[in-house]
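Each of the next two complexes has subunit A plus one other chain: subunit B in the first, subunit C in the second.
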Partner chain A sequence: MILHAGDAKVTYDKENQDVKFEGSMRLANMKEYDQVTEFLKENTNGLAGKLTLDFTELQFLNSSGITTLSLFILNCKKKGDVELLVKGSKDVAWQQKSLANFKKLWSDIHLEI
Partner chain B sequence: MEETIIGKYNIIPENLPAEGDVFIRLKPIDMIAYWKRCGMLADFAAAFYAYTRDEPTVQENSISTVFNELIENATKYSVKRGAEMTIHMMLYDSVLKIQIENITTDQHFESFKSHLTNLLESDDLDTMYFEILAEKSEGSTDSGIGLLLLLKDYPLDIGAKFTKENGRNKVTLQAFYRLDDDE
Partner chain C sequence: MNKNNQKSDVLLEAGRMLSEPSRDTRRKILIAVNAVFIASLLLFLIIQLVNFGTLPDPVRDMVFYPILIIINAISLFYNSAVLSGKKKGSRKRDGWTAWSSVVVTMILALLIVHANPNTATSMLVDFGFSVVVLFVAGTVLGRKVAVVWFLISAASLFLAYHNVGTAFEYHLLTQEEVDAFNESLSQGDPEALERFDLLVEKHLQPLPAGLYVSVWLIFMLIAFLAVFFESNMISKVLGVIPGVIEKINIANEEKIMLENENMRMGMELDVARKIQLMMLPTAKSFDKHKDLEVAARMDPASEVGGDFYEFLPQEDGSVIVAMGDVTDHGLQSGLVMLMAQSTVRSIVDEKPAQLKDALARTNKILYRNIRNRMNDFRNLTLLLAHIKGDEMTVCGQHENILSYNAQTGESAITSTEDMGIYIGLIEDVSEHLAEKVFSLKSGDIYLFYTDGLTEAENESGEFYGEERLFEKFKQLVKSDSQTIVDELYKDVYAFIGNSELLDDITLMVIRKK
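After this line comes the complex of A and B, so read on.
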């Protein structure tokens, strides 16, 4: 399953339970991020086991995007069905600086940078 | 005229000569109409300043991220028509000053003043981040965490001047990005 959101592509690989973010995601506001929230919900609803959020190829994410993904992570924490692995790249500055915030939201997250 | 200054404002003397002095004037409506222009300007600013640094790729991403948040904020909360927005960037050795000036509505003028005061007075931005997120629901239209994330995650000082004059509300925001602390 693929979602094109602005200059970003979000791909869900069902077999590996992996969501890959690529490009630059700088949508105008939270409302515009609803499409990303819906995409994540539709594809991960009822899922159990490991779920990977792979940001290594995402060059930019604005604060509305960080908020959207933070709310998704808080929702996963609340449901408690999945084990989250968040992958980032040390070569992409925003990931080095801001992905750690996700682990602060839910200490059980495995963060790989 | 009524003026309020919050945070670290004009911390570099105005008469100090700067390198890479870039001034841009634009209309908020042109940014709102084509949102991608915020990112395009951010990428331009980042490329302009980062390529002289020791780690241009890493710094380009950081500068673009910081600039993008500032320009997105100013665009969202500007009076859309009949007003201009200006961006003034100056490099002082290893400190990049980004100044954005815009005209806002009465309501945003006061709420932004209060939000910025809270941010700059907080000694625990992590907790504030969690609290703001806890108040959000999926129907929220505004994240409200842009400046918070910048202050929390980047080597940055921020200050602002709020000016009420002739019925207009002018916000002059200054960000001082310490590039050496980011390498």
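After this line comes the complex of A and C, so read on.
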């Protein structure tokens, strides 16, 4: 399953339960991020076991996008069905702070930077 | 119901009114064709049985015609049930019944032209059925099918012409001549019998006039029913046009109302922006502080921004400084910003030295207001600083802090990553908060900014970035605070060129005198 959101691409690999984010995601407002929320919800609903969020190829994400992903993580935490692995890159500016924040939101997240 | 929905409903209704007359026309034509077909074929078989006591052509009468009757019967029952509302139609079934009925009708039309006992009559009578099928195919299956059938039936006509022979002529006999021939046949006249055998061999058997009449009646009935339903649809369409025009006029009036509403909302947003800017501290309030030289500015991306800054001199001579950046921008973000500003002010005025506690309480209040009252998920990065004497205590996660140490002449970038988390996203952030103390001596400068500055994008999609900001900052450290702010804005606007400002940009420069 693939979602094109602005200049970014989100791919869900069902077999490996892996969501890969690529490009640069700077959608205009929170409302426009509904498509990302829906995409994540549709593909991960009822999922159990390990789920990977791979941001290594996502060069930029604005604050509305960070809020969207934070809410997704909080929702996963609330449901407690999945074990989250968040992959990031040290070379991408937005990830240094934001991925650490994801870990603050849910300490059980496995962070791989 | 809002104006948009109303307008859309009126247009939907107008569309429905226009499509209503043609809604079941094709189905009605198909039902009529199916019914006439079944009745005609059954009648034909009955006549054969009555006249001959048996069915003369087993392949045709016992295989092909029963298949035709079954296909038409299925279509007739299905479409009648859908038309009467007893059954819910599906596109797949609609298509199957229409195509199967029309295609078998086409096959029959070809067969009766080329496989009839008397092929010479094909061009006189039987080809008329191909013409009726042309009309039925066009109305039930569409123009493309009609074009294909036109070409097939034209080829069929010329083939029939070729088979009969281009030199063939129709010769009419008087009734007296026919009676005389029949009389000779019944008396066993060898010459008459020989001629009859020749006629059968050449596929020119005599046919009664009644047969021609009944065949044409069937053709007329099919064509009449198709025309009846089609013309009925046209008259209904003409009938609803005044109603549709009225609906379109209503939609147009609503469009004008919507434009007026948009203008009013634009004015409201403009007022909200003015209220928001009024809440920000002015240069006059910065000047009141004897030890600090402060300059700040906020440029919102849309009419109402989500950024804010605060400068609150305390009774003990200390100052509380705040800078926040609410997710998104627009009216709701502006509202969160106003709530954050007033919450911070009321809390820090009470206990200015306890930043962690102030931030934790601000978070809780905002979380409850945003989630429970606004039913929204906006949050903010918020930094609080308490400046007292030669020290500045900072708490909260925000953008990196740029600083200049006048004694060493060095500039630095300090991360706020470990000092907090987003405010308003979770109910309790206490465990994530930390304070950090910075030295603030004469000539030292601190620059706070929101991410709109570093994430300002030029026409090539390139960001202004922290590196560029830091270089420019280092060039400006000898300037006064207002100049630093002005020059940084000038630099970032020169960088983005004609690109649209995508996020609010806020800057605050504090220099110890």
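Definition applied: the second predicted complex is superposed on the first by the 113 of 113 C-alpha atoms of A that agree within 3 Å, B and C clash if a C-alpha of one lies under 4 Å from a C-alpha of the other, contacts with A are read in each partner's own complex, and residues count from 1 in each chain.
As a working rule, a contact is a pair of C-beta atoms (placed from the backbone, for glycine too) under 8 Å apart; a residue touches a chain by one contact, two chains touch by 3 or more.
Predicted model, so just to flag it, every value in this text is computed and none were measured.
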item: Combined model on subunit A where subunit B meets subunit C, clash or fit; value: clash
item: Partner chain(s) touched by A:S70 [first = subunit B, second = subunit C, both, neither]; value: both
item: Touched subunit A residues, subunit B compared with subunit C; value: B
item: Which superposed partner A:L47 touches (first subunit B, second subunit C, both, neither); value: neither
item: Subunit B versus subunit C as contact partner of A:D34, first or second or both or neither; value: first
item: First, second, both or neither for A:D91, with subunit B first and subunit C second; value: first
item: Touched partner set for A:K104, first subunit B, second subunit C, both or neither; value: both
item: Partner chain in contact with A:G6 - subunit B first, subunit C second, else both or neither; value: first
item: Intersection of subunit A interface sets (partners subunit B, subunit C); value: 24, 26, 28-30, 60, 62-64, 66-67, 70-71, 74, 93, 97, 101, 104-105
item: In the complex with subunit A, residue positions of subunit B that touch it; value: 35-36, 38-39, 57-59, 61-62, 64-65, 68-69, 72, 76, 126, 129-130, 133, 136, 138, 140-146, 149, 152-154, 182
item: For the subunit A and subunit B complex, residues of the former touching the latter; value: 6-7, 24, 26-31, 34, 37, 59-60, 62-64, 66-68, 70-71, 74, 91-94, 97-98, 101, 104-105
item: Partner subunit A, residues of subunit C touching it in the complex; value: 325, 327-330, 377-379, 381, 397, 415, 417, 421-422, 425-426, 432, 451, 455, 457, 461, 463, 466, 502-503
item: Contact footprint of subunit C on subunit A as seen in their complex; value: 24, 26, 28-30, 60, 62-64, 66-67, 70-71, 74, 93, 96-97, 100-101, 104-105
